[in-house]
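Chain lettering (A, B, C and D) follows the sequence in which the chains are written, and residue indices restart at 1 in each chain.
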Amino acid sequence: MSLTNQVTAADILRISGVDASRCMQCGKCSGACPNYDEMDIPPHRFAIMVRQGRITELMESQAIYRCLSCFACSQRCPRNVEPAKLIEAVRLTVIRQKGQNHMKADSIPEKLDEKLPQQAIVSAMRKYSK
Amino acid sequence: MKYSYYPGCTLKTKAKDLDRYGRLCAEKLGIILEEPDNWQCCGGVYPQGEDEIATKLSSVRALADAKEKGQDLVTLCSACHHVLKRVNHDMKQNETIRLRANNYLKLDSPYQGETNVIHYLEMLRDKVGFDNLKKAVVNPQTDRKIAPYYGCLLLRPGKVMAFDDPEDPRIMEDFIRAIGATPVKYSQRNECCGGYLTLENKKAAQKRAGAVVDSAEQAGADLMITACPLCLYNLDANVPEGSVPVQYFTEILAEALGVKEEV
Amino acid sequence: MQKIGVFVCWCGSNIAATVDVKAVAEALKSEAGVVFSTDYQYMCSENGQAMIRQAIREHGLTGIVVCSCSPRMHEATFRKTAVSAGLNPYMVEIANIREQCSWIHKDMAEGTEKAIVLARAAVAKLHKNAPLTAGTSPVTKRALVIGGGIAGIQTALDVADAGFEVDIVEKAPTIGGRMAQLDKTFPTLDCSACILTPKMVEAAQHEKINIISYAELDSLSGFVGNFTATIRKKARYIDEDKCTGCGVCTEKCPSRKGLDDFNMKLNKRGAVYIPFAQAIPNVAVIDPEQCLKLRTGKCGLCQKVCSAKAVNFEQKDELIERQYGAIVVATGFKPIDASAFNEYAYNDSPDVVTSLEFERIMNAAGPTKGQLVRPSDREHPHEIVFIQCVGSRCTEDAEKGKPYCSKICCMYTAKHAMLVREKYPDVNVHVFYIDARTPGKNFDEFYRRAVEQYGVDYIKGMVGKVSVEGKKLHVQGSDLLNGEQVHINADMVVLATAIEPDPTARALGTMLTASMDTNDFFTEAHPKLRPVESPTAGVFLSGVAQGPKDIPETVAQAGAAAAKVIGLLCKNELTCNACVAHANEAACNGCSQCERVCPYGAISYEEREIRSPEFRGVRRIAVVNEAVCQGCGACTVTCPSAAMDLKGFTNSQIMSEVDAICR
Amino acid sequence: MSMNREWTPNIVAFCCNWCSYAGADLAGSGRMNYPANVKIIRIPCSCRLNPMFILRAFQRGADGVILCGCHPGDCHYSTGNYYARRRMTVLFSLLDYMGIERGRTRVEWVSAAEGAKFAATMNDFVKTVTELGENKKLGDLRCKK
């Protein structure tokens, strides 16, 4: 199923509470990102693309599922932009749409192993599905 | 000293050790941990969206319950701690979230972030005191070189968590010294292990976990300790066989306080 | 009844765009007492002023209201205009319809309505105005310069050359400040010490300059032209007049735990020390925290070896009280504390240093004698990473750092990079930057030389993490132009830390009642037109105390501040503030309340014979010394019998304004 | 004021000459908007503000009165704002006793460098007073035309 709802930069501002225009493109967030290699759109580009209203591209990116939610970007940002919140806001606009759950409940059993803590399942469901 | 104690989902199942040892040690240190009757899972991840209200409510319930009892709320799992502290901060600082959450919950008196959320480690540092902890140790872990793993959730964002210097934490090092062992400082101690990705992208999680464990090994650690079940799993299951072992900090604490055998 | 003229200024379109100036002039015509009302494009222009003068004469005006910009801008201008037409200068009122009306409102109707109200309030006040005459006060012809860095030294030299006495108060044991710590200066790469020390010597030898080192301002009273300062000269346990600076004591001192501040604490020094070879005064000082004799009573070795008998363990802090006509703040800066930036491993590794620490390492007189070696193992580095903007350009709600650009870091980093490559071509140098800011004469050329001639690797993007991995520093940063992550295994990392005002500035600002911004930089009287004066009369600003700047700018500003000081000290007397307190002898009952709240001690009492219809006889009456009163008005409110009033801001004047606004 | 227009409060702002009046000027040169119903009266120091002036403003129909001065410790006259603070505390408790809503009066410290704070303070104060509505309690009908 494809994304049907149009999402604007204003929606991202409302959901994230983050004003992306405060970003000065210093790139410290990307420099700090421990998962940089996996991010098709690194945090600093995420911020500028939100500012430019290129939300659809962001919604189609892999970065929204690959962010570790470790807050290193938010912590080290000198402008208090909090890229992690922007990424989460875009992810929310995707998974809130019908049929866009990134992780389906019935796919989980095969991924389980004996030691896997509940927390991993609970948080993955929180992050990737509605 | 009596506290409300929020164990969280994982400590009731896969991370029973973290919980059991934590309770035993508290008892030994003269602390009473009271578990509320009706706590619900915090969700394991802080809902960052400002319009996410429902997903914050379970935390608010636990916080409001502690407020009713007039107790500080102690947490042990890093993830629960992170979620509860940040939701508490929202209830204190964010008018919209506060209003909407209270509209849902219809509590006797609205909850406005009054409860003090403290991590077990903060309890040891600020309430018990590491000096007193040192005195209570019966089996000092003298020969051990322990690498503390903070991860992300305890420390960041520093302004909200107010736990320690997020770039140069020392609480776990001080804890390790208090139980007689030698702390090992290594660069990846506050870098993410990739735990949240273990289901979604196992490879990425393995890469991060490998980097963390490698860094601790290079620094000469013979044991790693953590406060987070997800980190523990990740640093244990997603790294090569024979890597440096990882334990909950409560387990080594129980050993030091001589209560481990009671389990 | 006053005959009032109203003059509404358009200020080009600044006012006229949001205020219907003709309507304002028209509306004011119907106010009681207004006999003339007009508008004009620029009231402050010569034509505008001529118009005012003509109206005063033609209509026999007794007072004027000018509706224009802030009185802080042109009140003085229009007072002079009034005087030239024969009016008392205090018969002028300004309605601020620009800063407080047209510039902040967008709607013409709203702006016009408010402008009319403000003008009416000014007219209402003017009705109660009375001609005032300002007294005069003498000027003490000596200046106090606080801070003995290049800013303070330059100001002192310029003022002294004009023939006035200057005291430099320096908190460190020597003058020289930050510039003395630098190795080379950009963009010429000339040796910092070589150009600074001659100035230090010149200051020391100048017959009009008196250097009070190891001293701080303790308290201050008075006002422009008449300040009284108490200076605390800290005990240095060495008699300055006897010490020859031979340095024998510093070699013999057995204590070796003190950290050398001059070398940014990179090495240890004895408890008795001379900060550096060219120190002025070139005399030793004892650090009481480290001295065994002062702490335990045992030792005293320095005293035994001193042939000049200069060591005196009994020395106490000394208080010096002196009068000054002008005060110059030249307190300078310090780099921010980098320990909050452990993401760059500043606390984890001694090989991560700040730029000022690096400056000392590169300096031939520094702890490594100018050899570029790693502080940890004294090995020669092969890979150096510079990180710019550490703690600069951070928003106020960010976790740490300063909101401003520190201005000098881009250039000194280019300098460091160039010096390293010049001296050690085998060392690879990388600079992580956000923007290379090089607006200055020969600045961009300098930076380009670093890139083109010296092969410095500039990477646009910030470092996110520096990890200590064995002997190496693993630097992880983002190359924004290439869109890739950069990993460098460096031997040293240099942090271009932001600069902040010296920590003593805040308390000093309070003592001088000189305003500061939220970053503790001193505020100038006008950001463009009066950049070297504080809003507090008689206080002048020199150097980084006012805002980040490099050496040439500092020297230029120091000279400008000196020119202002000279302009002040040239005068024999100053016109006082005419808006001073005054007690109505018929109402005063001599209760002494006003005396207690007066911060200047301007109020005293005298027995005066009163002959009024209600009372005849001798009564105790408050008397205000008009030369001392600064016109704050504290006494007027505290007076239980409403006898005390403030000229220019009388109870009835303010009440009239209130009434006009609430009409 | 024409009757058909929506009611807006009339607000008197007393600003000390050294900090807050300069802060207001800075708000102006920075084009930081705040409502036109704020009218500023310049006084040399916050300690020049006689509580009588505030009562007079309310009597004449002001809906809110705000006093702005230098930050504590930064007074141009060293101690003036401390006197002002104490006097206002006493006055405000009197007004409170008289049933005048606390929100109608305010003391705020605004430095010469805080143009943005000045504008934000005025916006917030106008909002508060607007919510409280017209000042009817202290307004003196005899003063109304």
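For this structure, a couple of remarks:
As a convention for this text, contacts are C-beta pairs under 8 Å (C-beta built on N, C-alpha and C of every residue); 3 or more make two chains touch, one makes a residue touch a chain.
What you are looking at is a predicted structure, and each value in this text was computed from that prediction instead of being measured.
Here the chain at the heart of the shown protein, by mean C-alpha position, is C.
Between B-C and A-B, more C-beta contact pairs join the chains of A-B.
One finds 46 Å separating the Cα centroids of chain A and chain D. Look at where the CA atoms of chain A average out and do the same for chain B: the two points lie 24 Å apart. For the pair chain C and chain D, the distance between C-alpha centroids works out to 30 Å.
Chain B has residues 157-158, 166-167, 191 in contact with two or more other chains. Annotation for chain D: no residues touch two or more other chains.
Multi-chain contact residues of chain A, defined as those touching 2 or more other chains: 72, 75.
Pairwise, the chains that touch each other are A-B, A-C, B-C, C-D. Note for the complex: chain C touches chain B at residues 339-343, 345, 347-348, 399, 465, 467-470, 474.
Residues of chain C that touch chain A in their complex: 343, 389, 393-395, 397-399, 401, 434, 460-465, 476-478, 480, 483, 485. Of all residues in chain C, only 70-72, 96, 98-101, 103-107, 110-111, 113-114, 117-118, 121, 509-510, 513, 515-518, 523, 535-536, 579, 597, 599, 630-634, 636-638, 646, 649, 651, 654-655, 657-659, 661-663 touch chain D in the complex they form.
Put simply, chain D touches chain C in their complex at residues 10, 12, 18-19, 21-22, 24-25, 27-29, 31-34, 36-37, 39-45, 47-53, 56-57, 60-62, 70, 73-80, 83, 87, 111-114, 119, 143, 145.
Residue ranges of chain A in contact with chain C, taken from their complex: 22, 24-33, 36-37, 42, 44, 72, 75-80.
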